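Here chain A shows up in two complexes: once beside chain B, once beside chain C.
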Partner chain A sequence: MTAAPFERALDLITRVRGVRGAMLVSAADGLVVAEHLMEGIKGPAVAALAGSLANRLGRAMEAAGIGRSVFWHLQGTDGALLVVPAASGILVVAVTDANVNVGLVRLELLGAAGVVG
Partner chain B sequence: MSTRAVEAWTLAPLKRFVAEAGARLVLLMTPAGQVMAQHGFSRAVDVMSAAALGAAIMASTAEIARQLNQPPFAGLTHQGERHGIFLGAVPTSRGTIVALVVYDLDASSAGLVQLFFEQLATELQAASPKEGVPKQVLAADFERELSDSLNTLFGR
Partner chain C sequence: MTEDIKSLSAQLAQDPMSLVFLRLADLLRQRGQLDAAHRVALSGLERHPHLADAHDLYARILADKGDYERAFDEWDMAVRIAPHHMGALKGLAFLYFKVGDVDQAVVHLETARRHTPDDPGILQALALVRGGQPAKAAGGLGMGPEPQAVSAAAAAPLEDARVFAGLEGAQEGLLLLDAAGRVLGGTLRNPAGEDVTDAVAAYLAGVSQEAARTAKLLGLGTWTGLATEGGQGHVHLAQPTPDALLLVVRDRATPMGRLAIIAQRAAHAARRWLEQQG
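Here is the complex of A and B:
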């Protein structure tokens, strides 16, 4: 697969009002695969920490016997981090404003996760 | 796990890096393989081997970069099934410091190590003494210097 479908998938996410950026992150490495971010967002830092979180969250969910994660929503005071893990081990990540339409972003994230496999 | 330094100013940045990046083993050394600080090693012979191999890898990659007419590589990551290795260089007022980092993949990642390596580099640059010329180790003194460093690192 070339980078073009990835770019298209990220573009669809960032078109949602209130989305500051979207990224594809290798969950195992915590490295950026592709990104579409507004200036000021530290892509490598978000990727590294999201990858680490995915690893630990996965182990917690496994220990709790509730299967694999399909969507995370981390709400902060000034924004939110929304993540959908794709089957291939890629995390589709959106960095958003606090009042974003979470349902719409989730739909786009799931669509992007389908694209990356 | 013990963290010890021959050069005291490297100790605090190294401890922070280990805590943040979740590294298992770390060596800070000169490009010649002279050890400045270490974390996680329990035997002097392992430090000597790791320092020699790390210095050799840095020298090899620097030569590859030179042959490509490029500046030296900023970092080198090698990932295995359960562990990863990261090598990076930091220019400081005391000369270049090479960091060799070994991390477990279930506790850390290449991204985390690279992220916090940037912070380590900044802190080492800020902490490095600005006055005085770093002592050059001559070949004739190398063994004694190495022995002194290992004694400091392993409290002998």
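Here is the complex of A and C:
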């Protein structure tokens, strides 16, 4: 796949009000595949941490018999990290303000995961 | 109005994905046909699970039926999807007021007022809530008069006893861990009924610290919860104390908003339990 569809998918996510940035991360090694981030957000570090959290959660959920993670949401007092794992092993990640419309971002992340494949 | 209902029902039958269910269910609710309204709203919600208006409408129907606990969950879900949803903010204010939590009622009404400063209903409700006039305040919120009898269950803290029992080992899909992943309370079974407590705990060791690092690095403040949707169920992680991690697991029928509320209550119970132990 070329970079253009990735860019387009990330662009749609960052258009939602309250989204500070979005990126695609390889879940296996925590590396950035593509990013569309506000200045000040450290992409490689976000990727590494998101990848690591996704792996831990994924294993815990498999062990609990809950199956693959479809969406996860780390809520903080000042913002949130929203993640949808795509079938290919890429994580679609959004960093948002605290009062973002989570349902809307989730839909855009799922849409992007469909593009990523 | 009957014709409207027939016409809307026909439209919905032709296009089940249409949002016309919102108008139809609300009309039925206004006519007092609460069971029919309930069916239409629930069916619409199944097709549009992330539509805040659908959760708001469903909550209103549940409130009309006196099911305040589930109404709370639905309004809570609506504001999680759309934080400034007027109907949901008013609904939550109404329910907080009903159980005597005036501060929380005011907080929700103030949030609503900031986004629609000219809504006379909100201004009236704020004045009346602060003045302690429940029947009139309910009217100002568009909820109708205060019912004569509010059930004790609606007014009491919800499920605290059960959640606490879960933390001490009952089969409630609750697990309390320390920072190293050691099990402090509760057990977890997979859908086949096998005990998976230790395996899950091992994978969750260190998640608290990792979530804290992630939140700090991204400027998200203090992490307050980590919710996950899975293919077969939902999970919510919370941090009752800096050295403990609480895991709540429920099947997919439990909405994420409801799960967050269960986790909040479980975290509160866990905190109390940890204080008693320590």
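What we mean here is this: the second predicted complex is superposed on the first by the 117 of 117 C-alpha atoms of A that agree within 3 Å, B and C clash if a C-alpha of one lies under 4 Å from a C-alpha of the other, contacts with A are read in each partner's own complex, and residues count from 1 in each chain.
As a convention for this text, contacts are C-beta pairs under 8 Å (C-beta built on N, C-alpha and C of every residue); 3 or more make two chains touch, one makes a residue touch a chain.
Not measured: the values here are computed from a predicted model.
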item: When chain B and chain C are modelled together on chain A, clash or fit; value: fit
item: Touching partner for A:72 - first (chain B), second (chain C), both, neither; value: second
item: Partner chain in contact with A:107 - chain B first, chain C second, else both or neither; value: second
item: Which of chain B and chain C A:99 touches, first, second, both or neither; value: second
item: Touched partner set for A:30, first chain B, second chain C, both or neither; value: first
item: Comparing the two partners chain B and chain C, which touches a greater set of residues in chain A; value: C
item: For chain A as apex, the angle formed with chain B and chain C - C-alpha centres, to the nearest 10 degrees; value: 130
item: Partner chain(s) touched by A:87 [first = chain B, second = chain C, both, neither]; value: neither
item: Partner chain(s) touched by A:47 [first = chain B, second = chain C, both, neither]; value: first
item: First, second, both or neither for A:60, with chain B first and chain C second; value: second
item: Lowest C-alpha to C-alpha distance for chain C against chain B (Å); value: 10
item: Footprint overlap on chain A, where chain B in one structure and chain C in the other make contact; value: 45, 49, 52
item: Of all residues in chain A, those that touch chain C in their complex; value: 40-42, 45-46, 49-50, 52-53, 56-57, 59-61, 63-81, 95, 98-104, 106-107
item: Complex contact set, residues of chain A against chain B; value: 25-26, 28-32, 44-45, 47-49, 51-52, 55
item: Chain A partner contacts - residues on chain B that touch it in the complex; value: 79, 105-106, 108-112, 114-115
item: Residues of chain C defined as touching chain A within the complex; value: 50-52, 80-84, 188, 190-192, 196, 199-200, 203-204, 206-207, 210-211, 213-215, 217-235, 249
